[in-house]
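Below are two complexes that have subunit A in common, paired first with subunit B and then with subunit C.
Moving on to the complex of A and B:
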């Protein structure tokens, strides 16, 4: 059968030998593309115990059958590899928007697999079928901006370049890959994986097209229908404030468009306006988005208030996406620092370095200016944000004064009492550089990096990033101890400084979920659901499927709609609680709500949906449309849309249940892959031991469970400290004993979370004791070969 | 592409359209191709014409009325999505023998309708066109008030559209519109004996209810009812700062604090509670009929600081 969607070819490049070869895509068809192919390549080709920076590691640049097809939100791509930011180099993926992924597809490739290590810096040039390895010695040492400019000068301005900056080159574990200036694939230090292979960049130019299996009319109808179900960024389907056309509103919504709210730096300024008339007036008709969807989300305003709105030129985003996520700004003030006034990014991508800055009192623009300085520098250096966790650790290490009780609990020297971790751990010479005095005490010297940071001076970021990422490597570092912990992420930091690990495990403000990696919409997002999702991955859980549903119509409405999909005798998919239990807590007057089978079914569906999106590829931030903005549909979205779209593009006719099984196959393979690598490290310590995924992998930090005492405040919390621990990351000001998340009212319960795991495993066909897929599940999913590699871990 | 350093980088119409290219263009034809033979829609064009003609004839024969462009556009995805322009299609049909009975009329205000002269005479069609035109004008006025002014339309304003026309005729038209599917977005609300209209396409029912409350001028009741609704429906606390929206709530900003203080002292509003966040100093209100005190505190805390600290 001739399929649409796929190009049919995969490109493999061995940098050690220089071999450039082509493979058939269809041998991976059951894995779709993207991370699906990535997981399979890692399973087949990368033995357990391989380190991320070993030449034997693979880095797979993946697109999928939907990439570049023009359907909404189909412009992204993924990079799959072992992650150097993780202590045990577990597998993971980073996800990149922009246009690089579609360009690879137009060049005729479904994936690019890179292995080996070049003897000297190189870059890869791809122009359709013409592929070559080029000398990058003159590019090495440059940031991503100059690198991309140089390559585009050679290939043409319509080429797209994915490059690493100095962070990746110098093997900083907090490093990412940057394309099209500000689109990044972080994924636990993927920039350094490229760096370890001496691979500076990949330039791509394609002249081909994506074949669509269905006919033009069906294709257009499907696209219009899908567009009608989409809301704003994160598929938020109600506006953030009360507006005359909207029945509901939610202050958390990213649907910010309003009358009088402008892209203020556009010329002329563009009003976002009301979003009326997106429902077709004729009863029974297919709605159509008549308004400008790209104006619904004004992230400049959402993130930075009116100063952000005033400096926003437009909202930008990925190829083929109607929802624009990136804030394109014009901040003339940056020019005095020798930095471009034009930048763009979004969310935590904007605040990597500005999170360690103080705001200038009385300056409305200070926060925005610092954020745009941050995005400019970190995109150029290719510095990964670790979803904000590294900055939280940094701020704590700089500001928290250790108490005698803390030092005793952590078995730290008495000399540490009364000083911050930075003061305790950094050599005097480094403290002198950072603070202007050898003790690192306040007040800092005004001209020092920390002094300037405390004054809100953006140039502090320029000083600090040179100290964190010394060009040419660690031997050139003026502050090697400082750089070694800060640039390598909280996990390695905690290995060296136990108080960092304790902070991550026990303190509310750490943002750490487990294994010293960040949480990403955890307990605050539907309680047990967010926790289960964050447990499953090896980095911050890049899963917005559940999170997007937390914002929108009233919870009672959302709960009912999700029950139709996942807790109903008539549920359409394979994940379901036919007994109809609640999914989204609708009231917390009566306190903590125990986990339900419906919540587990919803969680399983969210996880499988993510795998499908990362394999097709479709954007996880804007889809799926399980809700819609359409009052005429009772705010229902359409859970079948991804399967329908996949079938339309490829011609591979699948229904929802078949499609979810494919997703479950990918999730289960990822699970087995993780278990295999973890088991290697367990056996390294204890040859007779073996990993238990339920206990060794699927856990969460203590701060989400423990509440000890209720009188003292302070950042180090948990057992032995007499300090309360509340699941909010928010405040010491709350007068009551507990703090609620949306939907839950108290700290999570260990006993309940253990039950939650079992319910989830049941939905996924995983063993309740080990958290591993059963033999029957492997067989059902066509993964029986997995058992051959890890027989002891698979139960019948 | 080359990194952008262009000082002329500005939003323009191209970029706005480009930001939703799939909407307007459906596909970027340069970048996609179709495995199945294209031209399928061309082959189906005859069916579309037949469906359009059937609609016009059925309306004329069975309902004795004329058809608008909107009536016709719903019959085919390409018509609905603008891929085929209805008027261009009808112009093409005018030259074809099968459709010679289909005629077009233009009203005094320039509205265009279609009919089949097999079933309606020219005079009859003109009369029907006038009625449809009147309905369209009324609906247009109400929708414009809802959309542009964000205001309810008093029935007096509708009477004033045609000063020489008796109220009975206008009432008959309004009644007929309630049964016409084209005008199902128009809603009638009554307060203190006054009749108003709004289009819920542009101004939804609960917003209209708030406008009616504001129009009544009882600020305390306006606040209390708003707070109770939010506590009941979502449930969530209400940041008191929202009542500074004078256009919606009609409460003079410099009186808001006093209004809230007095309201909280009245027994009929005893269920309304006030809490203040100690970090942001934001004032939140909630109804204890629907939210317990501790939960209200927690929700306020999440709204004020928790969410921002949990990216």
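Moving on to the complex of A and C:
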């Protein structure tokens, strides 16, 4: 049959040979698209031990059957590859919004696979089925803004360009790919993967279509039904403030719209007003509720308060998405520094550099001005935020004074005591450039980058980014040691400076989950659930599914609704605890609760949901529709929504259980892929050893377990670890009086987390002891071929 | 694609009822209709012109000319537009059952990044669009008053004013996909589904969806509204220069003589 959704063709470009070839999409149909195709390509074509920057590595620009179909939240795409930011170059993906992915579909392609390495800088031009490799020597060295604009002058104003900036070109591991000015795919340093291939940019323009299999009437009805179930950003389904039309409100909600709250820098300013759900049209306030969905999320206000609201031109976002989560700002103050006053980003993307700045006391706008300077620079340079982890390490290295106990435990010279890691490690000449004095001690010289940063002067960021990302390569750096650690991410930093690894593993302030990467909604998001999710991935967990449910109607209501879906004899999907255990609770309200099978079922469903979203592709920041804003439905969403949508677009009729099995196939392949690469590195160290995913991969840093005074730190891994707190003298752990979830503490129990893993593996059909898919599971998922490459890792 | 078509008698010998007379402003007008409708003029019906007489001149049969104004139009507010282009998705999704921005009758894609002015290296950071000041300009069909450029330029007489709101609509049965209308529209509001004169190529332009435009319903920020028609053709700068090669066909020229 002829499916809708897919275009039917995949484009492959070998930059070494210049070969441009096409492949049938249908050979990947069981993997849908996006990361699904990405994992399969990496499994088939990239042998373990390959480094991210090797020409043999693939970088897959993935879109899926839903991409560009016009349904809500179908504008994103994913980039799958090996990740340079990871010590062992483990596989991972970065996710990019905007309109680049859909444009690739309209050009007629279901994905773009790139391999090899060009001899000199090139860019790729795609206009429908006309594909060519172009000379990029004049673009090389430029930021992404100029690059994209230059390419658009050649291809047209409606072409979309994904480009790297100086960070990717110069092989900074903290580098990302930028499209449509401020949309980024970070994914563990994907910018440098393009840079390693001498690939500066990909310009795409498409005039074709994405066909919808179902009839027009059904399609329209499905779209409006789905819209009625959607909330604001993060699928928050109740407003932030108490409003007369709404039964509930939640101060954590991103449904920020309210009367008196404006896009203040719009001309004229636009009042967001009440943006009601579909059941509560308010005459005189909005034409129809569906015509105000785009104003529900005022992220400028959410992230920066009233100064943010005052400087917001509008909310922006991805193609075809009614939930606008990007803040488009106008900050005229930036013009004095020679950068554009107009910038756009959201969440952590806005604070990549500004999180190493101090704010100007008494200045209402200081935080916002610095954040927009940060956005302007990092999107242009293509600098990846690492979900903030690099900046946390930076701030610690600049401010933490090493104690004698720490130096002793870490076997650092006694001379390090009483000084910061930067002071201890950077050459005097570099410290002089950064701080104005050769010892790097405070007070810093006012005109030095660190002096300006501490004074909240935005120009400090302009100075620092040039030191972090020397344009033209490391030989041009004035501060090569500084750049080498800072620009390559905390994992490589910790390899060189053990105290960084110690900090990440042991200190609550580090907010690092494991492997020196950031946590992304961990224990604070439903305790064990957030932890299990963060354990599973090879970078900060880009899984928001569980987090989205933490905000909404009262927790007891949410718990009941999630139990209907994942802990009930009548549960609709394949992940379930028929005994009906509780799922949702928060530590600060309920205290510590041991893990339940229901939590594990919910977690498994979240993971599978993410794989499906990243393969179809849909958005994890607006869905799942497991909750809805509709009181008449008791705030129920519709768990069948994604399967129904996939079926409507493609014509491939699947029900929820079949659909979840596809997601489980993708998650399991990703698991096997990670294990295969990790096993290679284990065997490199010890030829008779083999990876145990349960212990070697699924762990979490000690600070989430330990409290001050502990002498019984459990199994620890990673550089600079193995230090009981009492010995290290570390006081940056939870005080003993705050054990077991009090206040905002998220202290976990090792024993309980081990049980949590087992319950999760059980849901996924993975072996309890090894955390690997069993042979039976592989067979059930059509992945039996996996065993051939890693026979010793698969148990019956 | 099925467009709503009003059953109207094209038989010039048919006597028109008073109801039909009132409808005349929504339809093309034959000479006979004109004679009847002259009476209707005094009833407050506004300006219209006539089609050519039955007498063929210069070898070209005069073509019917639409003179009635549209009753409604889609108007965009750039301040409210968030650039999501759900309007484009609705336009092709709820008509053709596909997602295809390149043939959408509401056009935002081309302005999203660099504004109506288009891309330029110099000063792009201060221009319109996402690379500049974020102002997103939605291009919508002006539903031009007489003389309707696309309609008069069409060599196949495939664009007509259609009830109930007098939108200027492409009759896909007559359209041969030559693309002359695309060039004739000063605002570049018409697209072709394929290459000019290509097999199956058809022109697509805004039909106003019988007065309930899908794009307006779909806009999540209230940035598109359906309003009573007014003549914006004199105030909105043209987007493209109509090439000199686009001329009135002989049949149209014949009709023009009737009034001009």
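As a convention for this text, the second predicted complex is superposed on the first by the 741 of 796 C-alpha atoms of A that agree within 3 Å, B and C clash if a C-alpha of one lies under 4 Å from a C-alpha of the other, contacts with A are read in each partner's own complex, and residues count from 1 in each chain.
In this section, contacts are C-beta pairs under 8 Å (C-beta built on N, C-alpha and C of every residue); 3 or more make two chains touch, one makes a residue touch a chain.
All of these numbers come straight from a predicted model, not from anything done at the bench.
Asks: Considering only the touch criterion stated at the top, classify A:255 as touching first (subunit B), second (subunit C), both, or neither.
Replies: After superposition on chain A, A:255 lies in contact with neither partner.
Asks: Touching A:150, do we find subunit B (first), subunit C (second), both, or neither?
Replies: Touch status of A:150: second partner only.
Asks: Report for A:267: first if it touches subunit B alone, second if subunit C alone, otherwise both or neither.
Replies: The answer is both, since A:267 touches subunit B and subunit C.
Asks: Going by the contact rule stated at the top, is it subunit B or subunit C that touches a larger number of residues on subunit A?
Replies: B
Asks: Just to be sure I read the superposition right, which of the two partners does A:396 touch: subunit B = first, subunit C = second, or both, or neither?
Replies: neither
Asks: Quick check for you: in the superposed arrangement, does A:348 touch first (subunit B), second (subunit C), both or neither?
Replies: After superposing on A, A:348 lies in contact with subunit B but is clear of subunit C.
Asks: For A:220, using the defined touch cut-off, is the partner it touches subunit B, subunit C, both, or neither? Pick first, second, both or neither.
Replies: In the superposition, A:220 contacts both subunit B and subunit C.
Asks: Answer with first, second, both or neither: which of subunit B and subunit C does A:651 touch in the superposed model?
Replies: First partner only.
Asks: May I ask you to decide whether A:246 touches subunit B, subunit C, both, or neither, giving the answer as first, second, both or neither?
Replies: The first partner, subunit B, only.
Asks: For A:555 in the superposed arrangement: first (subunit B), second (subunit C), both or neither?
Replies: Touch partner of A:555: subunit B, not subunit C.
Asks: For subunit A, give the residues common to its interface with subunit B and its interface with subunit C.
Replies: 68-72, 99, 102, 106, 145, 148-149, 152-153, 157-158, 160, 180-181, 209-212, 214-216, 219-220, 223, 266-267, 270, 286, 288, 292-295, 313-317, 320, 322, 324, 328, 330, 340, 342
Asks: Could you please specify the touching residues of subunit C with respect to subunit A in the complex?
Replies: Counting only subunit C, the residues touching subunit A are 79-86, 88-90, 92-103, 109-114, 118-121, 124-126, 130-135, 214, 217-222, 225.
Asks: Report the residues of subunit A in contact with subunit B in the complex, numbered from low to high.
Replies: Of all residues in subunit A, those touching subunit B are 2, 4, 68-72, 99, 102, 106, 145, 148-149, 152-153, 157-160, 180-181, 209-217, 219-221, 223-224, 227, 241-248, 251-252, 263, 266-267, 270, 274, 276-277, 279-283, 285-286, 288-289, 292-295, 313-317, 320, 322, 324, 328, 330, 340, 342, 347-348, 387-388, 509, 511, 521, 524, 554-556, 587-589, 631, 651, 728-731, 733-736, 738-742, 745.
Asks: Once bound in the complex, which stretches of subunit B touch subunit A?
Replies: Those in contact with subunit A are residues 1-7, 9-11, 15-16, 19-23, 26-28, 30-38, 40-41, 44, 70, 74, 77-78, 80-81, 83, 146-147, 150, 181-182, 184-185, 201-207, 233-235, 239, 242, 245, 248, 277-279, 291-292, 294-295, 297-299, 301-303, 305-307, 309-311.
Asks: Tell me, which parts of subunit A touch subunit C in their complex?
Replies: My answer: residues 68-72, 99, 102, 106, 145-146, 148-150, 152-153, 156-158, 160, 180-182, 206-212, 214-216, 219-220, 223, 266-268, 270, 286-288, 290-295, 313-322, 324, 328, 330, 340, 342, 344.
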